[in-house]
Amino acid sequence: MPGALNRLVRMVTFPELASGLAVTFKWFRKPKVTEFYPDARPVLPYRTKGRLHVEIETCISCRMCEKACPEDCIKVYPPPKEVFKTDKRPAQFYISLEHCIHCGMCVDPCPTGSIHHSMEFELATYNKDELLFNKETLPYDLAIKHFRQGLLENVEQKSP
Amino acid sequence: MDWNSPFMLTVGLPLLKIVILLGVVAFCVAYTVWLERRLLGFFQSRVGPNRVGPAGLIQPIADGLKLILKEDIIPTNARPFLFRIAPIFAVVPAFAGFAIVAFAPPAGPRASFLISDANIGILYLLAITSLGVFGIVLGGWASGSKYPLFGSLRSASQMLSYEVPLTFSVLSVILMAGSFRLDDIIQAQGKLPFLVPLILAFGVYVISAVAETNRAPFDLPEAESELVGGFHTEYSGMRFAFYFLAEYANVVLVCCVATSLFLGGYKIPFLPYETLLAAHPWTVSLIGLAVFAVKAVAFLYFYIWIRATFPRYRYDQLLKIGWKVLLPISLLNLLLVAGIKLAMLR
Amino acid sequence: MTIGWILLSLMIALCALGVVLARSPISSAISLLIGFVGVAILYLALKAEFVAAVQILVYAGGILVLYLFGIMLTDNEALRLTRQTHLQAWPVFVLILVLFLAVGHKLYHSDYTPQQPARLLMLTDQSQVQALQNRLAQEAGAAQHATNPQRVARVLYGDYLYPFEAASVLLLVAVLGAVFLAKKDV
Amino acid sequence: MTDLLRAEGTAPLRKVLETKNMELNFGPQHPATHGVYRAVLTLDGERVVGIESIIGYLHRGIEKWAEYRTYPKATPVFDRLDYVGAILNCHGYVGAVEKLMKVEVPKRAQYIRVILDELQRIANHLLWLGTHALDLGAMTVLFYALREREVIMDLFEAMLGQRLLQNAYPIGGVRLDFPKGWDRACRNFLAEFPKRIDEYETLLSANRIWVQRTRGVGVISGEEAVALGLSGPTLRGSGVYFDVRKAVPYSSYEEFDFEVPLGERGDVYDRYIVRVREMRQSVRIVQQALDGLPEGPLMPEKLSKIIRPPAGEAYFCVEGTKGMLGFYVVSDGTDKPWRLHVRAPSFVNLQGLERMCVGGLVADVVANIGSLDIVLGEVDR
């Protein structure tokens, strides 16, 4: 009988609905988690796979990245044979960000570490042509590379 | 201009009041939407709309502008005439209901804060709001599509079911106050808001009002996860905005009515309004208006809080609650109140 | 006022015709709705606010929605194709005309006093009207401040308590019958 | 009506007044079908009398696509099967190739895989919980769940560089070790998360509306569930003790102490509560894996750069987020799979939908689809 009475009291007084309301009210008072993205820049971890950067100066035209790419978005043109003996830098290097899936599989096999992801993530353009990068237009920032390679493993992440 | 001329008294002044009230209500409705979105955001650990204007305050205007500029689509299968006029059926009763709400104590014989001091006030309100269902039913049917049809069928049965307990809970208030006039009801709560003696009726009123205005957890007619948009699935642009306006006007109306019926309206308990009113009519009037607004917003906050917390009932469960739980409770409550009233009369 | 009354009556009559003559059942229903609202306005004009509100609340807000409910669930194409006028129409028309004339005659010859329209509308018997008027004269002082709903209540729960209760029992029976019919397995 | 009556002649009145069933097109653009799933419902009023699933709107030919790619190149595409449980898909495929090549994954890599797998499971269940609750009208839970999922996404981004489609594991092991500070961030999350689950349970499990909406809805018995080939929480909700992690332990799962939550009645509520409890168990597993993380290499030492498994076939299944996620790979000795087939749990679980929905109401269809936790990327492949 006390059980039934208890059930009746619970049925009439809505304790579980009240505790639900308490939960929502708790978060009503707490600070919000929304990030104000365009105003406040996100702090990205160093391993973020953003836009691909290629250091043309150190590239040796081995085409490992081209072979590893599952989406075939990289195309490397080695220089002519006679030039290649002295200067291994590619004659032309294309990356189509239209197809790139940011999987990072081109970064692993690169023997010189010339290709790597940057932390740039705002890749939207008004024109599809702008997504095809060649040797001249490929963005490259040596500072980022050094930053990433030198500091990658011993900088503490922001704690989520 | 002669404010005492017969023309001004019978036509001019009421017309002016109506225009002002419509403007104020439309403004309140727009900002109810804003308030709801902001508060929902806060409840959900996010911030809500905050990009347009400071704290997103211009958001309702931006939304309204967008809706006005949108293309007005009439589906092929729709019945064009009904499809066009159905939103009007929804909006008119929602706004007409405000005619009898007393927002503040009158500052003077011709400066009352209500449009019509009808002696059937609350009955008029019930009658008018019961017409709101037509906009939904006709709109859903005229869309010529299955989801809106389902939405309007659900809505019709829901509104019919919940009108009964709602009316009964309001009746108990009428019994307590002994009048249909909203102002009399507010006067009767000078010492104690009806919330205290009529807590049962208040509970029934809150639940059925939430159901009557199709809001969560009873928002089945427009349950977006089942019926996409319910009765207004096929509507776009201005006609959709009309439905939107009607829904939120109903919400505001319910808040105002709850404030008047249960929370004491513009009264603060034990504050002798009458004597103060004679001394400083406008000050007291405006204070009364502020008190009313605070109470209404508090009720609105609760409304939104409920929406932020609870899941949605299923259609059949909803009807079951309406008929099998709320109706007996409200009847019982009515009997109780009638008995107490009778005992007091003896 | 008279012009307004004529316009209103015309509107109600037109709506009533629309209810019977419209091809689509939805049009009928909407005519009915407008007719109901018109009648309610008529009541308001006769200072019977309570009846007006109840007219809207019960007929327009409740019963008509149920009609719509039924109409929406039926196959409208099939309804549109079926013949909706019958041979019975003419005798019925004659019958209605006779009834209309009779009622009109009665109304025309009764001495209608506009002071107490709400109560008199419910009465047809001349002696009753007389009795009521006599009593009203006695109660005039008390009733001066009574509102319309209170007066209706006094009639309904005073003079006509037993018919009223009988009607409610009848309604209860009807409700039970409807439930019995609607339930599939009793 | 009279013509109708006349035309029927002597037919009984009931025949004339017969009601018609209504066909309702549910999806593919419907907010509650979780993607481009389409169901044609046959309705008697609001009661469902028939349901026909129509799938294929998201068919991308992933299996065939993989057959045209070398083994490593095919890895990222399986992230796109079940895009909310990408790491587990990756694990399934990579595991199948490893089994084919008979490669032993280093212990530390196995543990790291377990940690990431279970975090992914939590992330998936959170998204499922949020959307399922949203389907049933509790919108706030969605935002709370996404808030917690965001933390896991940040953990993934710090570890793998991507949030949703991480391309987590290369064949053989894992690419990189945890970055500095990851361990602590993860532990912070694990300490906080059970309290958040309690909040969800306060909002849902205890709530009478939620219970009324889900109890006794979409009931499927254990026998039927097994007969239909259901798996994962959908099966366990019916009280059948089957979990690939326990039945065929892979990636060192036998070394962790965890329970397999079971339902009793096989209704929507049980499937819900099983998933919620599974999140708690996943927290336990991750905690144990973090505590007992062995030292050692991340990739096997002798793994040729060009992956060319011997001719043969292998079937490897993991306990995916939706159920038993199996990869069947046939190799002809070249560097591309000759045939690849995915046993997609979402697809198989969808078979149970008809059994659950018929006899219920339209609103229950939504609850049932939600309780199955289907992802159309995996159903259509």
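Order of writing sets the chain letters: A, B, C and D. Residues in each chain are counted from 1.
Operating definition for what follows: a contact is a pair of C-beta atoms (placed from the backbone, for glycine too) under 8 Å apart; a residue touches a chain by one contact, two chains touch by 3 or more.
As the structure is a prediction and not an experimental result, all values here were calculated from the model.
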Which chain's centre, taken as the mean of its Cα atoms, is farthest from the centre of chain D?
C
By C-alpha centroid distance to the whole-protein centroid, which chain wins?
B
In whole angstrom, what separates the CA-based centres of chain A and chain B?
49
Per the centroid of Cα atoms for each chain, what is the distance between chain A and chain C, given in Å?
73
How far is the middle of chain B from the middle of chain D, if each middle is the mean of its Cα atoms, in Å?
43
Dist(centroid_CA(chain B), centroid_CA(chain C)) in Å evaluates to 29
Touching two or more other chains - residue numbers and ranges from chain B:
43-46, 308-310
Can you pull out the residues of chain A that are in contact with at least two other chains?
17, 20, 23-24, 27, 33
Name the residues of chain C that each touch 2 or more other chains.
none
Touch list for chain B against partner chain C, complex:
79, 82, 118-120, 123-124, 126-128, 130-131, 133-134, 137-138, 141, 149, 152-153, 156-157, 159-160, 163, 179-181
Enumerate the contact residues on chain D facing chain A in the complex.
69, 72-77, 140, 144, 147, 150-151, 154-155, 157-162, 165, 167, 170, 175-176, 179-182, 184-185, 188-189, 199, 202-203, 206-208, 305
Partner chain B, residues of chain D touching it in the complex:
22, 24-25, 30-32, 46, 133-140, 143-144, 147, 203-204, 207, 209-210, 212-213, 361-366
In their complex, what parts of chain B are in touch with chain A?
39, 41-47, 305-306, 308-310
What residues on chain A touch chain D, complex-wise?
14, 16-17, 19-20, 22-24, 27, 33, 44-49, 68-70, 101-105, 108-109, 117, 152-157, 159-160
